[in-house]
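In order of appearance the chains are A, B, C and D, and numbering begins at 1 in each one.
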Amino acid sequence: MEKLKIGIAGLGRLGKIHAKNLADRISGCELTAACSLLESELEYARTELGVRDCYTNFREMLKNADMDAVAIVTTSGEHCNQLTAALNAGKHVFCEKPLGISVEECYLAEKAVENHPDKVFMLGFMRRFDPSYIYAKQKIESGTIGEPYLVKATGIDPLKFIEGSLRFAGTSGGLFIDMAIHDIDLMRWYLGAEPKSVYAIGGSYGFPQFAALGDAEAGCALFRFENGAMGTIHSGRTAAHGYHIETEIVGTKGAIRISPIPQKNLAMLYCEQGVVTECVEAFPERFAEAYLSEMQEFVNCIREGRKPAVTVYDGTKATQIAFATTESFKNGRLVEIPPHG
Amino acid sequence: MEKLKIGIAGLGRLGKIHAKNLADRISGCELTAACSLLESELEYARTELGVRDCYTNFREMLKNADMDAVAIVTTSGEHCNQLTAALNAGKHVFCEKPLGISVEECYLAEKAVENHPDKVFMLGFMRRFDPSYIYAKQKIESGTIGEPYLVKATGIDPLKFIEGSLRFAGTSGGLFIDMAIHDIDLMRWYLGAEPKSVYAIGGSYGFPQFAALGDAEAGCALFRFENGAMGTIHSGRTAAHGYHIETEIVGTKGAIRISPIPQKNLAMLYCEQGVVTECVEAFPERFAEAYLSEMQEFVNCIREGRKPAVTVYDGTKATQIAFATTESFKNGRLVEIPPHG
Amino acid sequence: MEKLKIGIAGLGRLGKIHAKNLADRISGCELTAACSLLESELEYARTELGVRDCYTNFREMLKNADMDAVAIVTTSGEHCNQLTAALNAGKHVFCEKPLGISVEECYLAEKAVENHPDKVFMLGFMRRFDPSYIYAKQKIESGTIGEPYLVKATGIDPLKFIEGSLRFAGTSGGLFIDMAIHDIDLMRWYLGAEPKSVYAIGGSYGFPQFAALGDAEAGCALFRFENGAMGTIHSGRTAAHGYHIETEIVGTKGAIRISPIPQKNLAMLYCEQGVVTECVEAFPERFAEAYLSEMQEFVNCIREGRKPAVTVYDGTKATQIAFATTESFKNGRLVEIPPHG
Amino acid sequence: MEKLKIGIAGLGRLGKIHAKNLADRISGCELTAACSLLESELEYARTELGVRDCYTNFREMLKNADMDAVAIVTTSGEHCNQLTAALNAGKHVFCEKPLGISVEECYLAEKAVENHPDKVFMLGFMRRFDPSYIYAKQKIESGTIGEPYLVKATGIDPLKFIEGSLRFAGTSGGLFIDMAIHDIDLMRWYLGAEPKSVYAIGGSYGFPQFAALGDAEAGCALFRFENGAMGTIHSGRTAAHGYHIETEIVGTKGAIRISPIPQKNLAMLYCEQGVVTECVEAFPERFAEAYLSEMQEFVNCIREGRKPAVTVYDGTKATQIAFATTESFKNGRLVEIPPHG
């Protein structure tokens, strides 16, 4: 079988991860084209990854590059337009989260996907491909914890990267859209249900700059699901110990907790402070394997004529819930989440 | 210095713990009297603890027993009346939580305490005397985690004792009053602030009997504090692994988490299932040392002419917050918590 | 039933622990007499523990004190003589380890105990009374790990107290006699068998002072048991993180490990270093509950006419094995351990 | 730069792992040839990995295949001959452990490598490429634990695969050669020194079949190093919980421990048994990343004209030490380990 030809759009921090995986570690494909606004990033693609076909304009890549599929890892505001254009150009599309920067954009994305039922579209909810999260899902499906009724999710960016968090705070959409969207997806995935209301609060405790931007440094949200289940999210940006992603699913017969200690590896240090477990620094380290597996699944879906389990509707739904959460945080009220569509 | 003479009222499960501690393991005191409605419990006091002066009527014990102080471990509905009577009878009083079964009763209790400024009154928020919780408090006070701004508390009774939970569900005041009151006290203690609003939800997932009683099997509450801090509580009654009390305090420079694994002891079992840590069965096991320390502090306070750090107002406040939480759960709305008094 | 009257001999670091327990926290007894060479220690007994009957001479205490039993917590060189004298004086005896400072002394102690079959004699192998160690023993007896065939024991004193370790190194008998004797007892207890040979090595890595005294800073020993089972001991004196006592028992169907992280309590700190568990500082903290339980068992045995499970022969055997281990370390050869007696 | 062409010899359990990595996940190379005695395995190479050039005879592959390098993953008895032939044929060689099935063979292998200084030769001590083991090495080199003086290593195969262990017990060389060789390599690597004597014991506790073959089901060895450092190894074949590889390095200022709980992933299960961490099943799961990294390093070395840090002498030395350990186990004596060469 011929190798799938894939192009990549966006070669920032996460774009480079996907590009490197596509070039070297995903079987059944080759990275044939790259697009970036920055010449330095294209130079990286040429020299490090051997990509000869480089573009500074996404539409030109779509028109001219020899590729079957494209991975969109550009800034959030471009996602909706680019995925639509790519589908219209006959390409399979992998798109990083978020699907769009408004619920309306998400509906447009849905339309685009629906218009091309022969194309594979996949959204980058990579946590669903992390071995620990997969394991939890399997345990739940095999009945180990009975009926799941509560998901408690925590996601905190490392304090170490607070500069970046502050720089992007104005344009990121805010804590619950930028940070909580993966947790929202996990809640829906594990509970198999949709939240119908949310109440959220937050504040800026160490960095008043967030408050000044109308955003929060840390926040908590409480979700009530249509089936009576519950969800809590704690999002933040200042974990001193590293990148903290923790999730617990509670069911009628037991619970599963993932990563209460976001360990860097299997080593523990016995030293003057006590027993110390060093933690992962950031998302590329924590989810290295998940980024690889999701892209392999994208390639496999195309080659095997399958559709990914993560759909465009998951993207819309998570976005809609994140917006409702933000609304609750902003106006201090309980917010009803309308049904999809 | 003479030994302090203490009587005990109530010899149920927790009453026996306090009685045994007073008789054998608290220094500077002796257990001189006991009161219970059940002759079998008094028989226990006589034969096991050597208490000769036994009563079936609290007022009679107050009138006749040779005692300086009394520990009230009776049913919740008696607390307010009995502590008032005891203070009026010139006794120092240790009283188990709750202070009263309504906020009004709590205010009455406050009055009684205020009327006897020469007497020591102490409320049984024993978690404040647990070594791990004390350690956390000290770390916070020494600035280790910066300014604390979020407390995440979990308290789940063991599934093993679900029969008892169901039996008392009708009279316990409900999940948030019965179970969450200790977590509420911890939030206030660690944050050094009062919550001003609460939103709570809950449901009955494995045991619809709770719903039938207007109660919840499990629930979550989200608190906003007057100083902008946050609190979350997850209460439940069906932990398959044992008695799960977990608390995390998040601050601007770090976090402290207590007991994510409610281990029975320091042993781990390597077996076919994997690596297994057996968990504590119930509160007497988890807080054995705390029950001892709080009573020792009560005795020391009396002997040294000090007042305990836990005051009658802590009791009122925790009760008031628990009622507001219950109200939110019952009517599905965000509830404002009025200031004290 | 009358309270048992107990005297204590030795009020050093460990002596104070036992004295305080006997005075305040052991049921069924009272501390009636104390003996120490230091007036300041006796003053402590008088003012803190309310002991009025104080002695600077052990024989005088035996002759004059109103006591049924005595706890011997003096320096190792006195144990054998004092326990013999106490038994001859008609007292029940609790004696701290070691039984004697030579195997010959241990045999003398055995004789003394055998000459007084009506008296309770108990040796302070307190680890057998630690809840985690008891739990492990019960799991083994109930067959959870099948047939135990290997004990891996680690015992390391805290670096923090290296000054004390160095000061006593010349008279302590050396690493394997001073430190490993509890591990040796545990191996025998868990395996239910006697070692028949030992090979031991050691060295001085950070503190050459130990080597200069013919002792080792750290050492390892490998034991072969008569029934084919195995044992390893790692002893040391310089744990940076605190007091490290860890034991693993491996059986044909599983293993139990006790305290790989010698945690101070149930709290974990999330901070810049990672996730940190602070550790216990020293033996009084680690074995506080065990010291209490063993003394309670001593009292209970006397009051109930039972004999303790830890016998004088356990003391001889552990001493003999510790000497054989030291011999192996000193001359670099495999050493056969003769049978008892 | 041209991609490196690599052939693989041996397509058993581990051979398939290497082949799949070379075909799909290692950058800078392609898998061009495969050799196996089994047609079914070659069929796998053809259909799953797209290898067209297949052989049943190693010498023919060397003569005819278009390849720059070869990975030898055949049975241990073939290693020495095949690596020599491959080097003589002008190929770079990656060879799985052991280097040879006798010390003499190892010396022959050394000669072969020395005769071809322009070729890259690398031995498959994959643990040195595991992220946790690399982390430990870096911590040690940066002085975090001071001077390392003791390595405690444990390696236990899963009980689940006891059938396989028993089947190969007759030809594997025995417990200490088959299982302990990686631990021996780690001791040398972390301590930076050579052991000069070893004492080893062992037994067959659940499976007497091992004893019947002159082998042990489990065993312990104690090593004294030339610089005074110490090493202990506990090898076994019957871990109920999974594949247990644990290593601790103790230094003058602290210690590092790797994998006391050989966790499958980051999830913990809270269930009736307690809190359960499921464990890795076997070496392919535990060392998946290490197998990938070591092969990438092999390819990188060739392409960059470097030599790997793991040398042929490491192979000889580990083999020699494993034989000495086996000798000690067999004759019950302390065995001196001669210097290299």
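Following the convention adopted for this analysis, a residue touches a chain if its C-beta (ideal position, glycine included) is under 8 Å from a C-beta of that chain, and two chains touch if they have at least 3 such contacts.
None of the values given here were measured: they were computed from a predicted structure.
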Can you tell me which chain lies farthest from subunit D, using the average of the Cα atoms as each chain's centre? B
Using the average of all C-alpha atoms in each chain as its centre, how far is it in Å between subunit B and subunit C? 37
Gap in Å, rounded to a whole number, between the CA centres of subunit C and subunit A: 56
Suppose each chain is reduced to the average of its Cα coordinates; what separation in Å results between subunit C and subunit D? 42
Counting only residues that touch at least 2 other chains, which ones in subunit D make the list? 239-241, 253-255, 257, 260, 262-264, 268, 270-272, 278
Quick check of your reading of the touch definition: is the inter-chain graph here a line, ring, star, complete or other? complete
Interfacial residue positions of subunit B with respect to subunit C in the complex: 23-27, 131-132, 135-136, 139, 144-145, 253-260, 262-272, 278
Touch list for subunit B against partner subunit D, complex: 239-242, 244, 261-264, 268, 270-279
Hey, which residues of subunit C end up touching subunit D in the complex? 146-147, 149-150, 152, 199, 201-203, 205-206, 218-222, 224, 228-230, 232, 234, 236, 238-241, 250-255, 257, 260, 333-334
